[in-house]
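Next, two complexes with subunit A in common: one pairs it with subunit B, the other with subunit C.
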Partner chain A sequence: MIRLEDVGYVYPGGVEALRGVSLTIGERSSLAIMGRSGAGKTTLIKHLNGLLKPTSGRVTVDGVDTRKATVAKLSRKVGIVFQNPDHQLFAETVEDEVAFPLKNFGFPQDEIKARTEWVLELFNLTRYRKHSPLTLSGGEKKRVAMASIVSWKPKYLVLDEPTLGQDRENKLRLRELFEEFMEEGRTIIMVTHDVEFAAECGFDVALLVDGKVSALGSAREILSNVELLKKASLAAPQMAELFLELEGVEAQPVFTVEEAERLILSRLMSGSGRP
Partner chain B sequence: MKTEMAAIEIRNLTYKYQNAEAPVLQNLNLTIEKGEFALVSGPSGCGKTTLCRCLNGLIPHFYGGELEGEIFVDGLNVRETPPAKLASHVGLIFQNPENQLFSFNVERDVAFGLENLGVPPEEIRRRVDWSLELVGISDLKDRAPWELSGGQQQKAAIACVLAMQPSIIVFDEPTSFLDPLTARGIFDVIAKLRRKLDLTVVVVEHRLEALAAHASRLILMDHGKIILNGEPRKILAEAAERLSLKVGIPSVILLHRRLSKLGILEGLTPLTTSEMAAQLRGVLNRD
Partner chain C sequence: MAYRGFMFKKGETGLHRLDPRVKFLISLVFVVCSLLFEELVVLAILTLAMVPLASKGGVLKEWLSTLKGLAFLAVLIFAINLVFIFFGSGKSWGFPAAMALRFVVVVSSFSLFFLVTAPDEFGLALQQSRIPFDVVFALTMAFRFVPVLALEVQSIADAQRSKGLELDSGNLIARIKRRIPLLIPLIVSSVKRSLEIAEAMEARGYGSGNPRTSLYKLNFKRVDLAVTVLTLAMLASAVYFRLCFSLPVFLGF
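Right after this comes the complex of A and B.
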């Protein structure tokens, strides 16, 4: 379990990025941290592996205060994929990039090989294995960055904007991976602006506004609340927006195309079609 | 040498990165007229970013590699024109704003390109204020880029390019780092600028729902080739049929397609929720 207790963080320049964040992230759970640019989302996740230590309050990972453990130690449990892959990638080839943390954590040789193959395939990167990560497109670099963290299967997988530059097929693969990880008892935490993806993954949502958690609940609850979303500079998923436009704030929360189709068909059947 | 021609004209372009086994762009042909708003999409790795790099001369001048065919941008032959000269004709916004910002404060970053072009100080001041205002970050002009969030950084990068007032701006997934409402604001600004300044705009994006209604043309790529190219409504209807794994088809279009197949809707493919709502109202209110 990761616990944030009244966490405040002030950058050395004086910018107050977090102002009393309290969150409990349990095992086998999934949490999307959402909010406008500058709300403190990235600052918050940097606290999860001790990269940043709170200026006030406290963060514990499985009971260990992040102030009392090294980042190297915490990283084995909490793997963070940052928003910008250029901050993370450095190896000569995609394959070396992915294998590096595994070597670092002392995995046996055959295990390194097997896991490298697995993530390269999972993230659609096998054909680039001998390429330099720097020649890849933004979306591909992002997948290399994710592959190199997913490979060691951290107990807490933290991803900053995982769907950045990803097509539909890669998003579906990501979703399957999340489900597999959660079944294995792992926890997924993602920072995202991708409301459609958060809604279809069914994550819990913590809405961050000005360095504070302004709302916490299911994706369904949070992502259909127009007032809340506006405060966080988010738009509802397109299906939810459609029904808001048709039926106003009383609209039932609808997130997927399938749900929308069912609802429209049932309205037509019952003849109570009046919006 | 500058001749009167389309804003962007690409003929038989094939490009291979240095040391790569296979070309990433293959015999690509594309003409974009002045004043167009072209939206480019396609699966990750299809060559979208490489195409953008060809438009401002990063390819071949920086990346090297093997380039065949011709690229004309604003009448200039990209292969023969130094990038410094191209910069005042075509601006490129990258996926990652950190690759674009380097100064100690935002105002200096935005002024940098203009100083290099020898623009008079008064004009620099005016254009810096103007572009910061347009992207909505006037209040951040004294801040250091590294103090900004990803979204604020991207706005600063956009301001840098706007200030140069090029006739063509190429955006490579410009909203990746922005929250959805801010992203919409940026797209509205781009659309407005294009009309007001007669700009030609090329935007690479995966999220089509926010942009399809703005675009005059949608270009879909796969494996280094253009596979569909035309009016957004028509292209999206076609892509929804056979490319929904490769292209993020907006959900209103997927819903429209389902309901059309059931014979419930018969209107045009909708590009926005409002268009879809109007069609649904027609059906739901019918007795």
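Right after this comes the complex of A and C.
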């Protein structure tokens, strides 16, 4: 379990990025951290593996205070995929890039080989295994960066904007990966602006406004509350917006095309005359 | 971080208001004086003379951080010179210390210049001194991007540490080797950024061939003239002393 207790963080230049954040992220849970740019989302996730130490309050990962453990040690449990893949890739081939953290964590040779194969396949990267990661497209680089973290199967997987530059197929793969990870008892935490993706995944949502958690609840609860979303400069998923527009705030939240289809058909069948 | 000693700090002090060319001249005179003399005491006086200037400019803390950053290299210069003396260059024991101090004067005088001179102001001064704009632009861009690069190094280090890379353990060779995952992304993203900036600039008409105009003009005020005269007078007297007098024994070694 990751616990943030009244966490505050002030950058050396004096900018207060987090103010009294309290959050408990349990095992086998999934959380989307959302909010406008500059709300403190990336600062918050950097606290989860001890890259940043809180200036007030404390963060514990499975009972270990992040102030008292090294980043390398905490990273074994908390794997963070950062937003910009250009800041992460350096190896000669995609394969080496993925194997790099496995070597850092001292995995045996055959395990490194097996995990590399698995993760390259998982992220649709097998055909690029001998390519330089620097020559790939933006979306592909992002997948290499994700693959290299997923490779060691951290207990808590944290992703900063994982859907950036990804097409529909790769977003679906990502969802499948999340489901697989959660079935294995792992926790997924993602920072995202992609309300559609957060709604589809059905994660809990923590809304961050000016360094504070302004709301926490299920995706249905938070992503259909227009007033709350407005404060975080977000809009409800398009499907939810459409139904809110048609049926008013009393409408039951509809997030996906499948849900919309079911609702419309049931209304048509019952002859209510409303969509 | 050491680069902060070279970053412009906004201020409204007399030093900030001086014409950038005059500020450059002051730094240059410090450098020339440090090259004229190899007496330890003179070099120490030159270093100490910068303290009131840095204090007047409200940048003493930052300037001192430059000195702190220079300590390692200064000690290295001292050690190398000491080795040569040991093998009989005929110089006295004070010489290595003077060489280290000379290095401190040269670097810290430019640190002082950059601390109180905005990069754009510096560019404007060069441009109005008829240095080609392309050269001026490349120089000012380089200065402006130092903090961006520093932030980038931090982000890259964060990303690699999150993959289990331990930067601060092991012997010197191991530590240098561990810097490779930082160096490559930094070089690649810097080159990529410079190409993107070049394209974005061209898309906004850079190099269209028309003569460039400036939004601001530098005005050489009376106080600038007075400081210039004073600085040149000090330089002239330093040269005079060097050529016509041998320094008293207690100043040399």
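Following the convention adopted for this analysis, the second predicted complex is superposed on the first by the 273 of 275 C-alpha atoms of A that agree within 3 Å, B and C clash if a C-alpha of one lies under 4 Å from a C-alpha of the other, contacts with A are read in each partner's own complex, and residues count from 1 in each chain.
Note that in this section a residue touches a chain if its C-beta (ideal position, glycine included) is under 8 Å from a C-beta of that chain, and two chains touch if they have at least 3 such contacts.
Keep in mind the model is a prediction, meaning the values are calculated, not measured.
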First, second, both or neither for A:D86, with subunit B first and subunit C second: both
Which superposed partner A:S75 touches (first subunit B, second subunit C, both, neither): second
Touched partner set for A:S148, first subunit B, second subunit C, both or neither: second
Subunit B versus subunit C as contact partner of A:E27, first or second or both or neither: neither
Which of subunit B and subunit C A:E111 touches, first, second, both or neither: neither
Partner chain(s) touched by A:L242 [first = subunit B, second = subunit C, both, neither]: first
First, second, both or neither for A:E176, with subunit B first and subunit C second: neither
Which partner, subunit B or subunit C, touches more subunit A residues: B
Set of subunit A residues, in rising order, touched by both subunit B and subunit C: 84, 86
List of subunit B residues in touch with subunit A within their complex: 17, 20, 42-45, 48-50, 95-96, 98-99, 144, 147-152, 172-173, 176-184, 206, 209, 244-252, 254-255, 258-259, 262, 264, 273-274, 276-277, 280-281, 283-286
Subunit B-touching residues of subunit A, taken from the complex the two chains share: 11, 13, 15, 35-39, 42, 83-84, 86, 124, 131, 135-140, 143, 161, 164-170, 172, 193, 195-196, 230, 232-235, 237-239, 241-242, 245-246, 256-257, 260-261, 264-265, 267-268, 273-275
Complex interface listing, subunit C residues touching subunit A: 152, 155-156, 158-166, 180-181, 183-185, 188-189, 192
Touching residues on subunit A, where the partner in the complex is subunit C: 46, 49, 51, 70-72, 75-76, 79-80, 82, 84, 86-90, 100-101, 104-105, 134, 148-149, 152
